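Have a look at this one.
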Amino acid sequence: MRLMQRDARKALLVLCLGMLTATPVAAQGEPVVIAGTFDLSGAAADVGKDAFEGAKLAIEIVNGRGGVLGRKLELRHQDNGTNPQKSVDQATAMIRDGAKFLMAPQSSGSAIAVNKAVSGKLKIPTCVSTSTADDITIKDFQPYIFTMSANSYMESRAIATRLAKEPFKRYAVISADYAGGRSGANRFKEFIKELNPNAEIVVEEYPKFGATDYTASINKVLAAKPDYVWSILFGADLITFTKQAQAIGFFEQVNKHFLALYDGNTLKALGDAAVVGTEGWQRVPVNIVSKGAAEGQAYVSGFKAKNGVYPSDWAGLAYDCVMIWAQAVEAAKSIEPDAVMKAIETTEFKSVRGPLKFGAFDHQGEVPVYIGKVVQSKEFGQPLLDIAEIIPGSIARPAEDVVRKLRGN
Amino acid sequence: MSLASPVLEAKGVTKSFGAFTAVRNVSLAVYPQEVVAIIGPNGAGKTTLFDLLTGRKAPDSGEVSLFGRVVTHEPPWRRVHRGLGRSFQVSSVFPTLTALENVQIGILLARKQTFQLFGQASLAHRAQAAALLDQVGLRDRMDRLAGELSYGDQRALELAVALSSRPKVLLLDEPTAGMGGEETDECLSRVKAIAAAESIPVLFIEHDMSVVFSFATRVIVLVAGEVLVNGAPAVVRADERVREAYFGESF
Amino acid sequence: MEHLSWRRALLLVLLGLAAAALVLVVPESRLPAVTRTVMLAGAAMSLNLLIGNAGLVSMGHGLFLGFGAYVVAIGSVKHGLSLSWCIALAISSAVVLAVVSAIIALRARALFFGLLTLALSQVAFVFVARNYALTGGDDGLVGINVPKWLDSDLAQHFVAVGVTTAVCLLLLMILASPFGAILRALRDNPERVASLGGHPKHIEFIAFVIAGILAAIMGVVAAITDQAVEPTLISWTTGATLLVMVALGGRFTFLGPILGVVILETTRTLVQTYSEHSDLVVGLLVMGCALAFPEGIGPSLQGSRLGRWFGGPVHMAEAATPPSTERTAAP
Amino acid sequence: MDGRLILAQVVAGVATGALYFLVASGLTLIWGALGVVNLAHGSFFMLAAFAATTLVHQLGPGLGLLCALVVVPLLVLVFAVALETTLFRRVYVGGIWGQLLLSFGLLLVVNDLVRTGFGAVSRSIVAPDFLQGFVEIFGVRLAKYQLAILATTGLVALYLWHLLARSRTGRLIRAAVDDPAMLGAVGVDVKALRTRVMGIAAVLAGIAGVIAAPRGAVNTTIDVQIVVIAFAVIVIGGLGSVWGALVAALLVGIAEALSTLVIDQGGEVVIFALMALVLFVMPTGFQTIAGRD
């Protein structure tokens, strides 16, 4: 109890200080606080930790360049334990304590909750780095959010666009049984039939999230004799699936016509077990961005220098969140929420993935979807995706009338 | 109620546990004003018979009736409400409640106030509970926790709790077990006085022969799950088979 | 036997007022976390009607908490019902759920009863987490509409405190009533209760249903204060956390569960603010308590002035010597 | 439905069930025989899996896994014995409550330490070359590694049978399961027996952790995942009954695998529905132990 009082008193002090410093005169030279509620423990700890590292690096780099509007950035973060309610509480608390920009939590449930219950309510610019939930920019859109990951509509559309050019007809669909996976699968089914009228879905499998045995799904998919296996498996699920599928010759049977979300961490963990020749898509492929735009090169080399390893996709997305916001602040010449969001809608930004714009009606980052084949890379000492096609966000993104229709207005 | 109709009656009840038959084809009846003792060597099936009479166990065959009504398959709580009270062989009070609270619980249960969610249990039926404790000589210890009472006092409390439902027939499982001579006498005179004052028939299991013959108006001898003899104390005392089967040389 | 006196009721009301007055001490930004703790305290109190008083170790109490919250969320978000309708619907359907699950769960005894409640809550959890159209799946439902007067952290805090205080008063009343006294007696000796004219199963059934409904009411509070629901509320993790909170605070002390909730929830919230090792700190805390106070912290405070606050006139010996055998349901 | 598909699913279910059995058998022993409820039993499994990935990364798939199979269960054994003698021993007196609290805390602590030490990102190791690939029987492809899991589990089960049937410890365990009150009465050193059984249980979970590592991702969610399933298994199988646990583990594994043929979602609901059903029909599981509730 006493502990809590002490904390309360301290927080009260911070609040008072915050109010004092809120006046524009005093603001000069004071650091701008960025709040982040990260999934540092719990189910999404692997993603949360990387996102945290990415955000930290971005702030270091911005501060190295002198900060924004002459003020340094300060990252305040809390661990939400991958719990939506905690995320909301923590984000609310940090914003009320004076934060000017919010990094949304990583897991979709938390990101959705923070979008609705914090960002819109408290009118705080908020960046969703990793969640691909459509709802954030479509149904639950509110003007203070912007997203750094292609949403599930865009990823499915991009992949369907590429696959529709191929002669495959019989598609199998595998996804872990969770809201994002289901919605991605539904979108893919819709798009592939739209773009390739000959396509049919011969089998759909939704094993549980974090399953330990996929033999059942693997056998079922093989029994349906598909031409192509589309999956939205990733992380631990993809590792387990890959090994068990490999063991019974699944990939040979489907001629390696298999696609999954191969992020950098998963490829690294798979190591020698990665199935060369299968396909995947990625959000921030390190082999591409490290050789692309100057921002990308600075990001990869900076991360490698700081942490000794190449960054994962999750780090890149969070890094971009901070960088884009900082550019928006510079463009708006203000940290005021409405000015910043106006800049988000109108500015062309420099991101690690190249020039980037946001939809004015949904604040969806028009980021590309990278699709390629798994190869073993000597240079990076781990398997990578050899990117064969980069589908620009402007092609994959839902058009304004589509978004309005989905929103029901 | 005519003198001829029994308050409690068992007709040919049998209970087996696997291959072992604990009670075999036992018939007995308890009439008003009677004090009936059940005796028999260890393992004769006395407690099982009690369980059949009180409803803790159901017989495999046979019939149990209470005040002329067949209750063979009725659970214990329903028989309580028909007027059957019992005490247990092993002291069975609520150890974390006071003596008074023990009796209060008994009264509340008997009066079907079980599901009353309002009102103060601690204030309910205090006078009546105190009177019952007075009857068993525990008035001065009524605020002590039951678990902290002496063994003899716990047995006395047990009796008070059994009486809390104002039973019309009382079944006591070895009421004096583990007591010293003085305690035994005290306990017996108490039971006698209560039985006489409220004119409650009593059926009790007992090991102590002096108790049985000084107290009971009738004795039932149970051996290996069967009734060997059923009669007046003098008759039982004189019976050859009883001597052989149960009392042995020492009698 | 709990005793209901004006003094104890007044103490509870004062405690409620103190919790409400926290808004003066706690900075506004921390208030939602405090409100959540208050809500959990009410839920833990309802669980302890089963654990401490009926000796029924339920591990699936999250089922009712989550159910109450989800009915409100589905009614409000999916069907646009007004909050009062949602609440009425949540409580009335919680009665049905409590009755049905009581019938199922009370078939098993002791720890099997606990595991059966756990299984029930897990089945419900999987159902909720996989029914995307109805429940939003693992993403949950956000955007529960509340009337304007309720749409502030302050109002929500007062509602949570008010409902929790009311639940505590109700529980005190129930425990002091004949039913409560008999429930305690049943925990100690079900055989004896049966031989005195009480039906053990019926008594446990009523206790289970009351606890379920009260938890669902706290679930409604959770839905109102969070304005969002997510499926872990239903899962065994919530049930187990509440169980640990009750055990930590002391299941034989009337306000023990609140103590447990405050200690665990405050620790976790504070540690999460500064570090990602809340599991480590909370885990060590729980382990330390297990070694120092295996019967919970509440009983060890008995006798002290603080203890009288928390426990009221619970018998010393009762706290010191809990019944040696845990039971969970009568045969 | 294709008969071969069903057969393949059954084999997969049996292999999964075998792992469940290794974890559940230890849990059922310490609970059934000694009345100790250890919520952190899955932590032994997780620790072993992480240790195995480290050894394989250091020594390569073949030697690493072999070493892991020998060394890791021993390490887990030492850890479990240390825990038992320093912590668990102090909370037995108070009944299940101290144990629930202690083991719950332990579960959190171990999980946090593992996340800090090994990282939150999933780890993965490959099986040794000779265990990769599959064999084809009656047109059904069976992964060699799955068969290896079955073989290992079979050996462990045989050893366990030997231990329970022949050794003095085994006789004491069986006696304790039959009549928990008896042990202290006849002068058995219950303290030492508890330590020994906890050790055996940990070794079983350790072996399971090692052999599970190459077949899937290793991360910090597997401790809770396996222990919840193990509890379901021992409830279905009957407390204290190792062979009940075997039957139940296989039943759960097969039901989980076969259910995916009929419903399009994860099998976990099947496990809990099965558990609820069994408890509803037989409120003390398949086998009842007198005096243990």
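Note that the chains take the letters A, B, C and D in the order they are written out, and that residue 1 is the start of every chain.
Convention: contacts are C-beta pairs under 8 Å (C-beta built on N, C-alpha and C of every residue); 3 or more make two chains touch, one makes a residue touch a chain.
Remember, it's a predicted structure, so these values are computed and weren't measured experimentally.
Counting only chains that touch, the fewest steps needed to get from chain A to chain D is 1. In terms of the stated touch criterion, chain B and chain C have no partners in common.
Seen from the C-alpha centroid of chain B, the farthest chain centroid is that of A. Rounded to whole angstrom, the centroid-to-centroid distance between chain C and chain D, based on C-alpha atoms, equals 32 Å.
The distance from the centre of chain A to the centre of chain B, each centre being the mean of the chain's C-alpha atoms, comes to 75 Å.
Our note on geometry: chain B versus chain D, Cα centroid distance of 51 Å, whole angstroms. Inter-chain centre distance (chain A to chain C, centres taken as mean C-alpha positions): 37 Å. Touching two or more other chains at once are residues 41, 45, 177, 209 of chain A. The set of chain B residues touching two or more other chains is empty. Looking at chain C, residues 130, 277, 279 sit in touch with two or more other chains.
Chain pairs recorded as touching, per the definition above, are A-C, A-D, B-C, C-D. Residues 25-30, 32-33, 36, 130, 132, 136-140, 142-143, 226-228, 230, 232, 262, 266, 268-270, 272-279 of chain C are the ones touching chain A in the complex. Here chain A touches chain D in the complex through residues 41, 43, 45-46, 48-50, 177, 204-213, 215-217, 219-220, 223, 235-237, 239-240, 243-244, 246-249, 265-266, 269-273, going by the rule given at the top.
Interface of chain C with chain D (complex): residues 104, 107-112, 115-116, 118-120, 122-123, 126-127, 130, 236, 240, 243-244, 247-248, 251, 277, 279-280, 282-291, 294-296, 324-327. Contact residues of chain D toward chain C in the complex are 37, 87, 90-91, 93-102, 104-113, 116, 228, 231-232, 235, 265-266, 268-269, 272-273, 275-276, 279-280, 283-285, 293. Against chain C, in their complex, chain A makes its touches with residues 1, 3-5, 7-8, 11-12, 14-15, 38, 40-41, 45, 78-81, 83-86, 88-90, 92-97, 108-109, 112-113, 115-117, 133, 135, 140, 177-180, 182-183, 209.
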